[in-house]
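Below are two complexes that have chain A in common, paired first with chain B and then with chain C.
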Partner chain A sequence: MKQRGRRARTAARSSSHGARAERLAPYVLVAPAVLIIVVLRLWPLVLGVNFSFTGDGELNGSPVGLSNYLELAGDPLFRTSLRNVGLLVLLLPVAVAIPGLLATFIYLRVPGHRVYRSVYFFPAVLSPVIVGAIFNLMLGFDGPLNAVLGSIGAGPIDWLGDPGIAMFTVVGVHIWATFGMALVVFLAGFSTLDASLLDAARMDGASLRQIIWHVIIPSLTRTIQFVFVTTMIGMLTSMFGLLFIMTSGGPEGSTYLPEYYIWHQQGQMNRPALASAASTVLFVVMLVVGLLQITLLRRTGRQD
Partner chain B sequence: MPGMRLARWMAAVPMAVLALATIYPLVFTANVAMKTRRDYILDRFSPAGSLRWDNLAEAWAGAGMARYFVNSFVVVACAVFLLLLLGSMAGFALSQLRFRGSSVIFLGCLAGLFIPFQVIMVPLTRIMADSGLVDTYPGLILAYVAQYLPFTVFLMTSHYRTIPAEIVDAARIDGNTVYGVYRRIMLPLGVPALLSVGILDALFCWNDVLISLLMMPSPEHRTLMIGVNALRGQYSDDIPTFASGVLIAAIPLLMIYLFLQRQIADGVTAGSTKG
Partner chain C sequence: MKQRALWSALMVAALAVAGCGSAARTERPPGDSQQKQQKLVVWDWKSGEPVAAAYIEKAKADFAKRHPGVTVEFVAQPFDQYYTLLGTAIQSSKGPDVMLFNGGGQIRDRVDALLPLDQYVAEDKSRLAGWDAFSKDGKIYAAPVTLQGHPIYYNKTLYEKAGLDPANPPKTWNDFVSGCAAIKKATGAACFALGNKEGFGIQFFMSGLGSGVLTPQEYDDWIAGKRDWTSPRVKRIFELWKDAGDKGLNNDGANSTAMFTDIFRVFETGKAAHIIGLMSDIGHWKDFGEFLPPDKIGVMMAPIVTDGAAPSLPYDGGIGYAVAKWTKDPGLAADLVRSLTSTDALTAFYSKAGAIASDTTIDVSQAGPAVATIASEIRTGKPALHVALSSKTLDLMGRLSQQLLSGSTTVDKAVEQVAASDRES
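Coming up: the complex of A and B.
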């Protein structure tokens, strides 16, 4: 590497001004990106944490200690939003298993696998707003889904109006909209899989379940880990559009998630400091969940 | 292995059902968009007899969707251009040039990748407001660039790492400056990555709701996705026209899906294999 530097200097020896410009060039190239990332991503993080210890309204800017956090702890809406995060964590294995299983079948060349691959990917390009709008129609009281249920003698279900059901409905729609992305990642993982291993397992008469447990899962640990983490991040940070158009946090606040709570407190209630405290909590929750997942998956990976 | 073959066929059934469940919602929406209000109320499931474009025209003109389209298009085009320019410049420097602080800078970009917008949205909105950038095109463009730059820098850096150092060395010996190498060698060699990262960035920006909602409060600055939400209120008693608006908003995405599916998939998987 040193040699490359020397050669570069020889090449640019024409004038001392040119040499200096060459030495500065890497900094010039990274400067705009660094400036934007520092000022508009890293600095706001510090600012936000700072902000969460100050007051709103009349107390704007003055330190209030932990009172925002205490208010959050006592706010039933925020508590619901955290409970819903817990629900997302519980549903996470489902959200990962569905694309994982589908990718397995596609990899094993189920009849029509080529078609399925591209059909499943299709909702992944749609925006949450479009998906939400479409499902507002699908999930209407006399919409198609209830019609299907009605034809087998069940339902109708108030998918978005029942506080006990609405959150599951929204998560279901989110999974519908995003499983194609995870599927593609899984398939990329499969393409690195050692085919001879699979053939050997088949020769030995292994069943499909044995193949999945003993061949596929151990060799795809890294991919599975990646999908787990990105799916979790996706659930915690990209459901705003769905909540915005499908439920607005209702009914009875049952579909609140931290991101919706933050937006609501900042934009509608004019409580930016309280919103900052909620942001900080969300960040900590994401860090903890992410690190837990990675250590957990590492450990299972090592056992195999 | 007859068991295996049987299992495959058994899997094909739920997979076909799922494929149907993937396609049907959009087909249903398109069908509703073709119906008159009366037809819709009488029977929302039967196939619309003929292709009727009235609802589409009404949604397009009545809701002023053209304006939303232009807003979205201008903002996304500028943001993606800047993202690719800044991302490839930084990616080139971080992967091929040796300079003091390069690893710290790369780590800083990575850290930016793990800060979700929700966590910084309050202070970011305040910074933007203090700089007079809220409710302006440059403000929203800058917000998008800031949001997706870490991702872009990261993918461009890992793409440029695959280019052998000898190519850069040879170009330098031929008398190219660092900028010349960037322009003549790195940009052309980066095209496949620029394409797939650019499409993903464009999708992210085009589909965004939250950032646009915060940065562009006034109605005439609405981007398309916020416009679709506004449509819902305007046509709450005229579902076919609402469905038409949704369909219009989905058409560019359908085009992208039909023609650029592979590039999107490449971009998505690049993060998983190189990460």
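Coming up: the complex of A and C.
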């Protein structure tokens, strides 16, 4: 009796020990990941936000309150860069529609669709620097594109030198360079499409436009949303290389984006604190855009 | 969700109130210099280039003679990213012992991180030219390696084709413009090769032609920091820039042509008769030599635009080596800077790269008329106008210059904005 009692007590103790270990195990296991995020992501972020409230040059290290942010608000260059972010958002439907439409044609097996599939993807493997250099040559004032325009009687266009055109040119090149990825995602989406629906629509005598509008687009809602989100992120985060090579933010500062502005202030103007403030603003903008997109995705997820 | 928002708001508020720490690292007490330093690290963007190899070798040899036990490591950084990388090094007060700088704004913005060199380079002061570009508030922060300036190069072949005398380039702006018209008619070449994609074109233009516009007194005042932005002559420089664009003196697409280095090809290939180029690095007589033989390249003084102007060659110290404040043995690092500016090393740099070196004792008589003209003007030359402006003002001026060319702003508005930026800094 006595023996059994002791054994039970030991078992109870070891099981409570085991329970505690089991309770702690998840924390221990996620600790490395959390630590990496905290030390390498969140802490620098906090430092960056902190720096944005300090001064540059002679005021280095001393708190200056919101003066960096006020300077940003008063800097037409920074305002242009934010306006250009707005422009990118407006151009997003175009950037999604192009790969969507081309993927549709490939799916519908237009003649030569195999060739197109690989050709469309090809630019996606080129670095922005190479793409930028190629298009710098193509779009130069005395470049081949203007020569072609000239031969059909149209006046030369200063693709990269006209402030009203340059941003559209760069976005156009960015879309050209990156739509291959979106195209692949669309093709993957198409592979889940129910072929019998298409056949049924065809039997009912639907035109191509009707098939696209009433069958393909509704079936691909989730793919389209995914492409929207990834294209948006791509546009907001990976235009730097192209801008750097193609326009250097010019002409007249018309192609500045926040990223380029941050680089310019930190590297060229020696204003790290001001650059930190601009980074913080960009972070907030991205946070808002990201949260909106997550809400959007969640809402559509619930519908299914 | 609400709670999270509250927390973030609290954190931002706390940070705003605190605002401590700094974006650039605050000064650190100098390290332990007792232990003898065995290695010096040099950052630049030149040492990787084949034309600079002989120069670096000569400098290294000179230094090794004086300090046999010390190794020197040259780290060639890409120029595009150079000041970004340097900025990071300065923030952490760690990095190279010796580093290369462009004269003017680039070094003056960063003197907080540099060691004053006056006591170390006293012996070199009369031998080398171009110290001003590396000085701030009376202290020298780097020793000049090259002289950088903005001579007006012209293509003698095009002058001959247009029936002009290549030995006697025009002395006044009116003659210059009518000469350009003749060249355009005879050869189709533009008057100026202008690349303003980066907004650098106006800097070259202002410095290249400025001495033909301002009076000597105004010029000296400008350099000394007493810039009278209401002066009609200062405004005339910007009017001249706009006129040159409006009257078609520039090549087409100036705002989308890169100064580095597309525009130099335009001049070399005879598509433009003049270019306000450089004396060192690139865009100079030797660089053009790939297509234009040296005897077909001339250098002219700025044509006189307004009466009372006295044209002079605009030049400053081009690039120079500086010593970081955090180096362990300042004397050793300064000695390396002296080796990098020794006559032997600079002679090698001049003969291989064609750069106009800072050493005035180098013989340049063999290199053709352009270099001879430049060398003869060094004595009477003055610092370039744009170098006196802060990098922020230059940045703004670059964008405004593009607006002036495209017609989206007026000269008055542009001068007003540049003036405001200049007064602020």
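Methods note: the second predicted complex is superposed on the first by the 251 of 304 C-alpha atoms of A that agree within 3 Å, B and C clash if a C-alpha of one lies under 4 Å from a C-alpha of the other, contacts with A are read in each partner's own complex, and residues count from 1 in each chain.
Going forward, a contact is a pair of C-beta atoms (placed from the backbone, for glycine too) under 8 Å apart; a residue touches a chain by one contact, two chains touch by 3 or more.
Being a predicted model, the structure only gives us computed values, none of them experimental.
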- In the overlay, answer first, second, both or neither for which of chain B and chain C A:74 touches. neither
- Pick one for A:47: touches chain B only (first), chain C only (second), both, or neither. both
- Name the contact category of A:276: first (chain B only), second (chain C only), both, or neither. both
- Can A:153 be said to touch chain B (first), chain C (second), both, or neither? neither
- Message: Applying the document's definition of touch, where does A:188 land relative to chain B and chain C: first, second, both, or neither?
- Response: first
- Query: Where does A:263 make contact in the superposed view: on chain B (first), on chain C (second), on both, or on neither?
  - Reply: both
- Task: Counting touched residues of chain A, say whether chain B or chain C comes out ahead.
- Result: B
- Determine, under the contact definition given at the top, whether A:135 touches first (chain B), second (chain C), both, or neither. first
- Message: I'd like to know which partner A:253 touches here: chain B for first, chain C for second, both or neither.
- Response: second
- Query: Which chain A residues come up in both lists, the one for chain B and the one for chain C?
  - Reply: 47, 51, 142, 263, 266-267, 272, 275-276
- Message: Going by the contact rule set out above, which residues of chain C touch chain A in the complex?
- Response: 11-12, 15-16, 18-24, 26, 81, 83-84, 87, 91, 109-110, 112, 197-199, 252-257, 262, 391-392, 395, 398-399, 402-403, 406, 408
- Note on the structure: Touching chain B in the complex, chain A uses residues 1, 4-5, 7-8, 11-12, 18, 21-22, 25-27, 29-30, 32-34, 36-45, 47-48, 51, 102, 105, 108-112, 115-116, 118-130, 133-138, 142-144, 147, 176, 181, 184-185, 187-189, 192, 202, 205, 207-208, 223, 226-227, 230, 233, 236-237, 240-241, 244-245, 258-259, 262-263, 266-267, 272, 275-276, 279-280, 282-283, 286
- Taking the complex as given, what residues does chain A use to touch chain C? 46-47, 49-54, 56-57, 60-66, 77, 139-142, 156, 158-163, 166, 247-248, 250-253, 263-264, 266-270, 272-273, 275-276
- Task: Using the touch definition up top, name the residues of chain B that touch chain A in the complex.
- Result: 1, 3-4, 7-9, 11-12, 15-16, 18-19, 21-26, 28-29, 32, 44-45, 86-87, 89-90, 92-94, 97-99, 102, 105, 108-109, 111-112, 115-127, 142-143, 145-146, 149-150, 153, 165, 169, 172-173, 175-179, 182, 203, 206-210, 213-214, 225-226, 228-229, 232, 239, 242-243, 246, 249-250, 253-254, 256-257, 261, 264-265, 268-269, 271-273, 275
